[in-house]
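Same chain, two partners: chain A is paired with chain B first, then with chain C.
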Partner chain A sequence: MPDYDAIVVGAGNAGSAAAITMASKGLSVLLVDRSDPPGAKNLSGGVLWGNDLAQILPKWQNEAPLERFIQDKKIGFLTDKSSIIIDFKTKIFEDNKVGHTVLRSKFDPWLAKKAKEAGAVVIPGITVESLAKKDGKIIGVEESGDVITADVVILAEGINPRLSIEAGLREPLQDWEVSVGVKEIIKLSPQKIEDRFNLTPNSGMASEYIMGNLEELNVGAFFYTNKDSISLGIVAPMEQLRENGITHTYDIIEQFKEHPSIAPLIEGGTVAEYGAHMIPEGGLGMVPKLYGDGYMIVGDAAGFGFSNGLVLQGMNYAFLSGILAGETAAEAKGRNNFSSDSLALYRQKLEKTYVLKDLKTFKDIRKVTGNRSMYTTYPKMLESILLEMLWERGQPKKKIREILGSCAADLNVGKLKTATDFYYMYRRM
Partner chain B sequence: MLKIAVMIKQVPDSQDISIDPVTKTLNRSMARNVVNPPDVNATEAAVQLKDRYGGEITVITMGPPMADSALLQLMGMGADNGVLVTDRVFAGADTWPTAFTLASVADYLGGFDVILCGEETTDSSTGHVGPGIAEFMGYEQATYVHKVEYENGFFVVVRDIEGAEETIKIGKPAVITITLNANDPRNPTLKRKIAAYKKGVKLVTNKELQLDPACIGLKGSPTIVKDMKTVPDPVKNPSKPGIEELDKIVSVLIERGIVK
Partner chain C sequence: MDIKERLGKTKYDVDKSYAHITVDESICEKCPHHFCVMACPAQCYTIQDGKLNFQYEDCVECGTCSIACDQGSVKWTFPKAGKGVIYKYG
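And now, the complex of A and B:
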């Protein structure tokens, strides 16, 4: 008789969602996290979209420690001197209030507390040393020479899944599979935030940029408002950072902060926290076998993240994969069968949802996000076009077609190359 | 068999606190709570005593309900019981009512052979509470101790005194305060933490203790903070005298031919 029906390793969004799902279905659950309070080391650079969370915690919008709901979403390009931004502000976001900025150091302990309230045994401050195996099956976890057993172990250990790798459940991470995110939290009074971004006390702004001012790297940047702070950061592909070898992420984030469109927004603020984290960006190609005898892999550990250069999501994938693994465990308990065949249901469930559908739909997105022109040439081209169109310089005006032609010529871009790039973007985004 | 108590406190992680230059109070809003570091050494000392001489360890803290996580962590290291002394009437206590309340709890729990404490807390650095408990209990005491042996009913302890060590023998029952880094605390284990979680902590309020409200909490605190001054960060603002001193030292070393 195992000690628990299920052990969940890692109290992030995926792990706690799995624990809540299983505990509310009556399973005995142990949720272990390396930090105390649970999840305190977690970091995110995005917006929490809570449709899936609502499945297990319908009152999350009232209870969770949220910062601001997203009313205003911006995407744009930065060049050395300019910013070209689409500002999407909608009453629809305000009516639904589904996207929120969060500070994970507050949100994750709350979610783990919900797992405890649902009946899970939540043990923070313990780093599981290894997975316990018997006859090729995962039978539990090992720590300080003790083995704690369970019918199923749910691996929610995050982007650097040491246990899964050491147990041979997935390959070590490759550079191309991840990006490095570097983030700062900048303290700014709510009054200043609301004035600067035209917000109300609860509404917020989230923006994502392509940094066209960096020649050598395909870097994205994010900027969003919390209650009394700004979260901002940059995301750079590990592969390019390694290849480049001289550009440091801390220089890139400084460049972002000093950009003429960004600097005035954080003026007078003080850096309160900074952190770095890896982000899964390998898409379907980095997703390991998601289940086997006695285990399932969820969240970042499974490579569940979405990025197309302008949209970066992961927390919603974490919730949903955690919930589906939890449901699968509960059904496996009903059949009293935790074999690979029985847990294959988890993958089937994922196939039916946006988690695997998105990864499949955008399986070629790296050809777009990996295309340097997206980050270097096209932002500059847009800038030139807008200068031609919007700047009165005492010159005769040109037709758009001529502007396009001359800008492309100035930037030394072949028309065919541009046409194929846009075709691929169109096909893949 | 030794009946051992460890008095501990949850404090804001000193890495995360700053001083508000205007109000001159500690800004703890960014800080997570940790067990006061020398209290972890005191717990390790307790576990070592138990390992060598046998016994039962009770960790005790006075604080808000969320302080139970500190007790569970130390039970994960090997303490047997956790006691959380929590009541609104205890809030706002300075060192006098804190020592008085903790001594009353120790008494309520039947007294101990030895009560271990950390040398001082990182959030106020008074070092009052350990000796205060000893006085209220009428126990013998030794402060700033980094080594404890138990021999024939006596504790032989090694104290850190400025620039030297002092070995003394004290009788039982005793209060011993343990220095930071006195030992290398073991990590809590998963198995012990699960056991601690299942066992839970015992709650003690003033309903059980029946202490005079005038002697506890803010009301019972004789300390009045008249003013607080902030000093400039010595790293960011290297003071001139320090550098002159350093120059002097270097010139003496050169004079004596120790450095060239």
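And now, the complex of A and C:
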């Protein structure tokens, strides 16, 4: 008899969601995390969309340690001197309150506590050293020479999946599969946050930017309001960092903070924490085999995330994949069959939801997000167009068509190239 | 703000008896790019007197260097139980 029905490695959103799902269905579950308190190694940009969380914790909006609900969502382009921002503020967000900023070091221990309340055994501060195998099947985990066994192991080890790689369940990650996220927490009083961003005590703002002010790199940036702090950071594709070869990741975030439209927003704030985390951006191409004899892979470890340059999501994919793996384990327990064939149900469930549907729909998104023009030329072009239209300089006015033509010529952009870029955006974004 | 000063804001429980990442100096010596120096967000990799210098104490365990190093020098393991970075905000 194995020690547990299921062992979950990693108490992030995916792992804890899986543990809650299985424990609620009566399985004996061990949830281990290498940090104590659980989740203290975890880091996100910080916007959580909770539709899936509601499936397992219907009262999450009242109980979870949330920062502010997203009332105001902005997407913007930065150039050296300008920012061009679409500011979407809606009563719909206010009525639904599904998107919230969170701080993972507060949120994740709460979620792990919910797993414990559901009946899982939660042990933080355990670093699993390897997966235990027998006859090609995963039968448990090893730590300090001990083997703890289970019918199924759920790997929720995150974007740096050492155990999966070591056990040969996936290839080592490559440049094109990840971006490097660098983040800072800037302390700012609630009063200042609410005044500066036109917010109420519970409402919040989430902005994502394309940094068109970096000549050689396609970097995105984010800026989110918490209760009494700002979460801000940058997301830089590894492929481009390598190709560029002369830019320190820790300097890019400084360039973001020093931008003329960002610096005043954090004026008077103090840095409270600095951190970094990789982000899965390889799309469908980076997803490993998601299950096998005695195991399933969930969340970041499975490469589940979405990014199109302006939208960046991962926690929702983590919740849903964790829940579906948990359901699969419970059904496998009913059949008393934890073979690869039985656990294939996990993939079938994922195929029916947005997790794999999104990755399939946007399988060619890197042709857009990897396009340098999207980050350098087009923000500058937008800036030139707006300057022509909105800046009175005592010159004769031009029609939009002429403005477009002259701006494209100034930036040395060919019509065919532009048409092709927009065609790809239209087709793939 | 200097990176060292920013890293100073982050909490760690450094394991003085175990380096969870090691590099093979003989490989680093011949490395054509030292991309790790640019990629690591925690400035664990620096060039000193023309040689690669590595320290694991400031590591935030993102795993970037395990991909950045394509020469086979970086050996990446998780820190021992509970050691390493401890985010207060995350």
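Criterion: the second predicted complex is superposed on the first by the 428 of 429 C-alpha atoms of A that agree within 3 Å, B and C clash if a C-alpha of one lies under 4 Å from a C-alpha of the other, contacts with A are read in each partner's own complex, and residues count from 1 in each chain.
Just so we're on the same page, a contact is a pair of C-beta atoms (placed from the backbone, for glycine too) under 8 Å apart; a residue touches a chain by one contact, two chains touch by 3 or more.
Keep in mind the model is a prediction, meaning the values are calculated, not measured.
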Item to complete: Could you look at A:Leu241 and tell me whether it touches chain B, chain C, both or neither (first, second, both, neither)?
Response: second
Practice prompt. Check the residue A:Ala272 against both partner chains and state whether it touches chain B (first), chain C (second), both, or neither.
Written response: both
Item to complete: Quick one: classify A:Ile126 as touching chain B (first), chain C (second), both or neither.
Response: both
Fill in: Which superposed partner A:Leu173 touches (first chain B, second chain C, both, neither)
second
Item to complete: Report the partner of chain A that touches more of its residues: chain B or chain C.
Response: C
Discussion item. Looking at A:Arg104 after the superposition, I want to know if it touches chain B, chain C, both of them or none. Which is it: first, second, both, neither?
Written reply: second
Worksheet item: Does chain B (first) or chain C (second) touch A:Asp195, or do both, or does neither?
Response: neither
Worksheet item: Should A:Glu184 be classified as contacting the first partner (chain B), the second (chain C), both, or neither?
Response: second
Item to complete: Once the structures are superposed on A, label A:Lys41 by its partner contacts, choosing first (chain B), second (chain C), both or neither.
Response: second
Worksheet item: Which chain A residues lie in the overlap of the chain B contact set and the chain C contact set?
Response: 36, 40, 105, 124-126, 272-273
Response to the item:
Within their complex, chain A touches chain C through residues 34-36, 39-44, 103-108, 124-127, 159-160, 162, 172-175, 178, 180-182, 184-185, 229, 231, 238, 241-242, 244-251, 254, 271-278
Fill in: Of chain A, residues touching chain B in the complex
30, 32, 36-37, 40, 105, 121-126, 128, 141, 143-144, 146, 148, 272-273
Discussion item. So in the complex, the part of chain C that touches chain A is made up of which residues?
Written reply: 1, 3, 6-7, 9-11, 33, 35, 37-43, 60-64, 66-68, 76-82, 84-90
Worksheet item: Touching chain A in the complex: which residues of chain B?
Response: 30, 32, 69, 73, 76, 187-191, 193-194, 197-198
